[in-house]
Amino acid sequence: MIRITRRIEFSAAHLYNNPKLSPEENRRIFGKCNNPHGHGHNYTLEVTVAGEPDPVTGMVLDLKELKEILQREIIERMDHRFLNYEVPELAGQIPTTENVAQLIWKLLEPKITRGKLDRVRLYESPDLFVDCTRNGAA
Amino acid sequence: MIRITRRIEFSAAHLYNNPKLSPEENRRIFGKCNNPHGHGHNYTLEVTVAGEPDPVTGMVLDLKELKEILQREIIERMDHRFLNYEVPELAGQIPTTENVAQLIWKLLEPKITRGKLDRVRLYESPDLFVDCTRNGAA
Amino acid sequence: MIRITRRIEFSAAHLYNNPKLSPEENRRIFGKCNNPHGHGHNYTLEVTVAGEPDPVTGMVLDLKELKEILQREIIERMDHRFLNYEVPELAGQIPTTENVAQLIWKLLEPKITRGKLDRVRLYESPDLFVDCTRNGAA
Amino acid sequence: MIRITRRIEFSAAHLYNNPKLSPEENRRIFGKCNNPHGHGHNYTLEVTVAGEPDPVTGMVLDLKELKEILQREIIERMDHRFLNYEVPELAGQIPTTENVAQLIWKLLEPKITRGKLDRVRLYESPDLFVDCTRNGAA
Amino acid sequence: MIRITRRIEFSAAHLYNNPKLSPEENRRIFGKCNNPHGHGHNYTLEVTVAGEPDPVTGMVLDLKELKEILQREIIERMDHRFLNYEVPELAGQIPTTENVAQLIWKLLEPKITRGKLDRVRLYESPDLFVDCTRNGAA
Amino acid sequence: MIRITRRIEFSAAHLYNNPKLSPEENRRIFGKCNNPHGHGHNYTLEVTVAGEPDPVTGMVLDLKELKEILQREIIERMDHRFLNYEVPELAGQIPTTENVAQLIWKLLEPKITRGKLDRVRLYESPDLFVDCTRNGAA
């Protein structure tokens, strides 16, 4: 079994605030990310699919098909959006890299039918990223 | 004369909208950037100072001093901010990369006193950046 | 005056051979690049336009318009092509980074009408690139 | 057990075409990659070896030895080559990133005798890469 | 379970020499790295922690806390240091990337109490890196 | 006229200390860089040559020749060296990025005979670099 990874980018705004906490606690825990106006990032997303290359095409999956899935599920939902207000699946959650990566896993997993979704890696910046994997292994 | 460049990063949200234009014109001209909730970027800023190395230190300028200037003038003003609402110097302007880069030039130029500010390069993403230079030369 | 730069990528094959030279001379001068089957690169192209931001839009040029120009003039002509055989403008030339960059300048210069084309930088790899500029200045 | 990874680069041309399919099918499945003249890439290869550091040298393997293996097995075979016509081990296969990565695994696995080959990662571009691993785990 | 990774950088000097070997053997095994004056690198360190996001914060761990741990355990110990002479934990060892990565694992593992340290990746350069993982899996 | 740039890397150690200053002044001015044991970097050097492509080869200069010049003048002199003690041309100077870049200019300028050396850019890290240019223009 081998793995193929496609990388895409999107830009989004967000802010961290838990309404069940006091303003002071929110500021202490989330620091600058608690700014009520929000801030933003160029996110980089790596989507990894595991499978066997098709002997006819030499490919684990149809990259054009994957591109369409990523366009429909991720880019149209998140690109140039304010994650807190415009992504209904994140309602009631803090849009941390952890939570956004988990949402991306949930959105993509049922759509990948050639091979299996194996890993979602989401970079908030080159210095901070989160991995979700099928079985919890690295 | 030689040039020394320091690179820093900040994260900010923004949106493009000109209130003198109709909603349709705004959408046509600015596309996704016109989303009223805003979106965001990891900006990368390169600040270039031209001068002669000091024979005592071998350095064009004191990098600790430059770091403090960048912290005070840029990071505190723009990092984890929504540029349209939180940077008063951008009031009435569209916070395009062009306009933000020009503001950064104006903010830094009088503060650089060892050597001269020579170029400000602002990346909105690895694929789009703007240069402001002292004399308009490349 | 300020400068805005857009970066795009394309993939192409090429080979270096001057039919006026002997096979031995071609091999000595061009080394591995003389392989008659050809080889290839992921090229990265930076296109820089100089101008004044439009007060209505805050932008030197319409990035959607630039994208269309780059698609039509560069991507459709060079992406996933064998430069020696499929780019008629390179006929009779060796498709070195120098010559391809100069062709890109000639193709883009008359098409950029908002602002002026100021620099074309073409990377053959992260370790080798060529700059063409309006006036020969850096 | 720890893992050490060495990264190298090579440039090659290729094209995707399955002679058992009609020209229309080939164009539909492979798109631009079906261009009969071919195109090319700067490939980046990461080779990971797992083992225990030798107490005398502090190293899992002799990096000079690994360099020679990579030179002989990969660079001389693939660098500045047209993969379809010049790499006999790919005869009858479509030189997709998947198939080239699997060939690299087969070429290197028996040559790595200090430690064990653990992963081969092949980037066709920064946005597309394939992993082959010893046991199919990530 | 998900994984979050923070990347930091530090600069250090080192040299490779085993006093139990003859000067000739040291030179043969370590090559340029045996230069008795030493040389140096910009090291990049990726620290990965595995855990479950806290439902209150949406985060696996407190990034400010992790930053303090990395500052105290790694930056203060290794940044702008000569590893052979200034890091007592490396005494009697050759400061190869393998040994430095293993030391970093030992230093960080007991300090990470929210989630578990899962992987330490240390780059000596973009082309050479070492991974230490909890269970030896990739 | 066009410009071609080749990028290479080398690793070196250094420290900043001016014997004419007191230990306190050295520490205040140079901070961590004053550590008497030294520290180090992966330097990246970009060498730019300006000229006209030769009509026979399509190239501004012979890249194999440039490679040999860079090997002889820079790599052999500086790679895996402690700059303060092993580069005689830096004797009596503080090996700041400014001074090392100026030395590189002086070493390369007379050796480049096809085209003219136009710019030397030396990165001490991705976040700090120095440019020396022929005429002081950017």
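When the chains are written out, they are named A, B, C, D, E and F in that same order, and each has its own residue count from 1.
In this section, a contact is a pair of C-beta atoms (placed from the backbone, for glycine too) under 8 Å apart; a residue touches a chain by one contact, two chains touch by 3 or more.
Fair warning: this is a prediction, and the values are worked out from it, not measured in the lab.
Looking at the partners of chain B and chain E together, the chains they share are A, F. For the copy pair chain B and chain C, the superposing rotation over Cα atoms measures out at 120 degrees to the nearest 5. Each chain gets a centre from the mean of its Cα atoms; for chain A and chain C, those two points are 34 Å apart. Chain C and chain F have Cα centroids separated by 28 Å. Rounded to whole angstrom units, the spacing between the C-alpha centres of chain B and chain D is 41. In chain F, the positions touching at least two other chains are 133, 137-138.
Here the chains touching each other pair up as A-B, A-D, A-E, B-C, B-F, C-D, C-F, D-E, E-F. Residues 9, 11-14, 32-33, 35, 37-42, 79-82, 85-86, 125 of chain B touch chain A in their complex. Per the touch definition, chain A reaches chain E in the complex via residues 16, 18, 20-21, 29-31, 93-99, 101-102, 126-133, 136-138. For chain C in complex with chain B, the residues that touch the partner chain are 1-8, 48, 50, 53, 56-60, 62-64, 118-119, 133, 137-138.
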